[in-house]
Amino acid sequence: MKKISNNPENYVPEMLAGLLAAHPGRLKSVAGDVHCIVRADSPVEGKVGIVAGGGSGHLPVFLGYVGRGMLDGCAVGDVFASPTIDQMYETTKAVDGGAGVLHLFGNYGGDVMNFAAAADQADMEDSIQVATVLVVDDVASAPADRASSRRGVAGMVYAFKIAGALAEEKASLAQVKAIAEHCLANTRSMGVALGPCTVPQVGKPTFTLGDDEMEIGMGIHGEQGVRRGKLQTADEILDQLIQPILDDIALGGSEVSVMLNSLGGTPLEELYIMYRRLLEVLNRHNVTVYRPYIGRFATSMEMVGASLTVLKLDSELKRLLDAPASTPFFDQGQNV
Amino acid sequence: MTTTLDTKQIKALMGAVADDLMAHKDDLAALDAELGDGDLGRTIERGFIAIKEALTGTLPDDIGRALFQLGKTFSNAAPSSFGALYGTALMKSGTALKDKLTVTLPECADAIQAALDALIERGKAQVGDKTMLDAIAPAITAMRAALADSGDDVSAAVVLRAAAVAAQHGADETANLQSKIGRASWQGERSTGKKDPGAQAIAYMFAAVADYLEAQL
Amino acid sequence: MKKISNNPENYVPEMLAGLLAAHPGRLKSVAGDVHCIVRADSPVEGKVGIVAGGGSGHLPVFLGYVGRGMLDGCAVGDVFASPTIDQMYETTKAVDGGAGVLHLFGNYGGDVMNFAAAADQADMEDSIQVATVLVVDDVASAPADRASSRRGVAGMVYAFKIAGALAEEKASLAQVKAIAEHCLANTRSMGVALGPCTVPQVGKPTFTLGDDEMEIGMGIHGEQGVRRGKLQTADEILDQLIQPILDDIALGGSEVSVMLNSLGGTPLEELYIMYRRLLEVLNRHNVTVYRPYIGRFATSMEMVGASLTVLKLDSELKRLLDAPASTPFFDQGQNV
Amino acid sequence: MTTTLDTKQIKALMGAVADDLMAHKDDLAALDAELGDGDLGRTIERGFIAIKEALTGTLPDDIGRALFQLGKTFSNAAPSSFGALYGTALMKSGTALKDKLTVTLPECADAIQAALDALIERGKAQVGDKTMLDAIAPAITAMRAALADSGDDVSAAVVLRAAAVAAQHGADETANLQSKIGRASWQGERSTGKKDPGAQAIAYMFAAVADYLEAQL
């Protein structure tokens, strides 16, 4: 696909410069590096800081969720590439308000190991207490008995929202970590790709799919899915997204929030076509939907396809989901 | 006489490794595309360009601090799984060799062992999980065996050639393993039959060192 | 591009069914027709009702802006096709709270003539006073001396926001009409397409562009632009978007709001790359930016490309732009 | 004897127009793709399918109300520019012929004139702006001329053939005009050289009526 870009090498820094210029009252960069982005009012005294990080190309993930009620900071890497240890460390340091910092991000090797090194450094050099929670919501990436090795996809947005809401109430680091874990224990995702995307520095599509093919369970960087199949109807696709989730977590009779997410290229219209079917299926399982999120929450550049995330609610998760949040890409008042 | 390497030789070795790995970046990228996301070529390029740059600048005089700094440089320039781990490996080897202006071959083996231990701690993988560990572990074993056979005055070239052969063997063997860690693990059983790109990168490194040392003889 | 769809003929009704099911507290359909969508609390007693309408495939335009502080209702047509007179009439009737109704929509022949007939019918059969304002913001579609024949593109979102805010204050129909006209007199847009989109019922792309081509000034249904040219850099593209606007309306020294809008397929990352440049150019002209909107506000399914809209502000427009609004696709609190 | 057409004949004519236009939908779509958005084929199809359906159902007995209802049907089934305008045309002709069970040829011409006036009012275009008006106006003139030449008892086929020829000529002439209205006007000067699709659709309609009437003789 054609890109609107100057020099591909500058794709990310120019994007970040534009983003910082667009939201000066809300965001700032630290350590003289546009890749280290925090809330303009950071550090918030006495509040646990929540830091995410990962590759670019997934807007609004990650940095789009930096703001009141969600993330305090984000270390931003190149397209689909990890930020550096230094960037993670500087971001961590900048959001520490004395109550410690939670590193909350997807289970990708580079991110995991760099965040670990950054946490060590923050502890060693600045005595900042850092806790870590990995997002592992993608049921397609490993069976239930190896659930901790799953990769993180759109479910991380729920974790940002829930943990961010509790942190805003000045809960302790242990509490914020615990609620993030509790949220993720109740979060499952599954995606389907109908077409690839193009990383600007690479210039060609990340993978190829036949005109009549789709890839079930594909990852957000084009990592292989569960299987490749013939392109199906919206209803059939939705069924393939919800079934593995129903098989993985007991939802019967419960209340859930759902996120139907376009990977970028798929228009919102088609998400609503799928949502119609989702309600039918959930109704059959006696599951009721609270606060559906339908839109682009975690993308892969212009990839065609969609993902479904389900968050099984209890009263505490519901309360925190309802809490207001305000970031450049996510604005939620009190009303449903 | 005990064989030793000094800071200057270590730096030269690192330069040789950098040149050799950059020459292999495309085939490493291809292996990573099969099993992961195909960015290992870019990691290698960015990381070793930064290493080459650091080598032309001012590095500490002692081997340990020099390696430590090169490790930090690599990780920050190439912040991927491989970049983080390879940087960790250099940093931990460096910690093991702190203050040393020369290093013996057994010390070398110990430093690499320290790196391997650190990788296991950081990466949570085990030998046999189809990762770079599967090239490093046999290389250490082979170094120790070569040293045990021939005594302290064996040439560095001989010991490192043994390591290189073992590392390549280990890398080749990863094709028979099912991945337990990282991106490749998401493929489950489909990962069997494909060689681990990180292990191959390690094998190239040992071979580059052996080549360089043999050429010095 | 591949669609997630069941039967193409059901694309729009299924989308609308999903949308209504997703936002039951906010939206309802009237006259037993999912194509007639109004605020759940319609009619609002004593408030001017604002009705938009037009083809589907442009989400959030139009129906995504039905909600508090923006539209009261929307008549929805098939993809890129006008709704019917009946649908417009029923929607108009459903939002009349006794203060009359403003028809506010883009200058497309079918819509214009059908809305005129619907207004006649509402007057004739129900004595509802109807006023009409056409959105004609696209500078590419006609020279300044035929400005009233221009087509309507993303600028309509500003008109919805401004007129909606005044209507919420219970202003009269004449006042709401006047502010919509004033807003549009100060609104200009310009777009560029890098790739086509596919209408589900047609199944093939609406137009073709070479791998290295782009179309400057293309319309949101693929109507021909000002010229076709070689694909350029982000900065060059931005320059081509802002220059015709600067040539058309005197902005020097003023304060403006800007909307950088993806036509669908272009990722947000690239909008920020362009925004960086936009600020440079506007700074040079001594124009300051207030409340930039950067995202997907008016799309053409999955079309690759972007549009730029500029709204020249005065104190009244600024006040109304700042007013809160809350719709399923547009949530704005008091904060910038 | 004054030539008249009754409700049944008018309905049969509308059926013939529907069949003929549907057969031309692809070439009208192609003309619209050149100058507009290419949806005229779909408009024709949807609108005339609805008309055909209405013709098989119960329509009012008088010509005026029948045409009025067919016009509403067309507009709601095919809510585009053409659909809105063609629907308006039928409705206004219907209003002009309210309560009539038969219609004379001069009354026909008057009804079409009433439709044209309504189109100008609703569409804000003038004859010469490169629209369907440029086929309708010459057709009316030709009908009146034929009636003036031959008196009231001229056959409907002759009068309508004259109209059809004039309409086609008018449609062809639109290629020389620059568009002043609707989608095509956004093309400015580039619209010159291309025939207006709406005008061609009107020309087909008059030809279909003439064909049908001639076949009845």
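Read from first to last, the chains carry the letters A, B, C and D; within each, the first residue is number 1.
Criterion: contacts are C-beta pairs under 8 Å (C-beta built on N, C-alpha and C of every residue); 3 or more make two chains touch, one makes a residue touch a chain.
These numbers were taken from a predicted model, which means no experiment stands behind them.
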| item | value |
| --- | --- |
| Touching both subunit A and subunit D (chains) | C |
| Inter-chain centre distance, subunit B versus subunit C - centres from mean C-alpha coordinates, in Å | 57 |
| Distance from subunit C to subunit A - Cα centre to Cα centre, in angstrom | 29 |
| Distance from subunit D to subunit C - Cα centre to Cα centre, in angstrom | 33 |
| Overlap residues in subunit C, where contacts from two or more other chains coincide | none |
| Shared-contact residues (touching 2 or more other chains) in subunit B | none |
| Topology of the chain contact graph, where touching chains are joined (line, ring, star, complete, other) | line |
| Interchain contacts (touch definition) - all pairs | A-B, A-C, C-D |
| Touching residues (chain side subunit A, partner subunit C) in the complex | 1-6, 11-12, 14-19, 21-22, 25, 56-57, 59-60, 64, 194-195, 211, 214, 231, 233-235, 237, 264-276, 279, 292, 294-296, 299, 301-302, 304, 306, 326, 329, 331-333, 335-336 |
| Subunit A-touching residues of subunit B, taken from the complex the two chains share | 36-39, 42, 72, 75-77, 79-85, 88, 122-123, 180-183, 185-188, 190 |
| Subunit D-facing residues of subunit C, complex | 77, 80-87, 108-110, 112-114, 116-117, 140-143, 146, 149-151, 201, 206, 219, 221-224 |
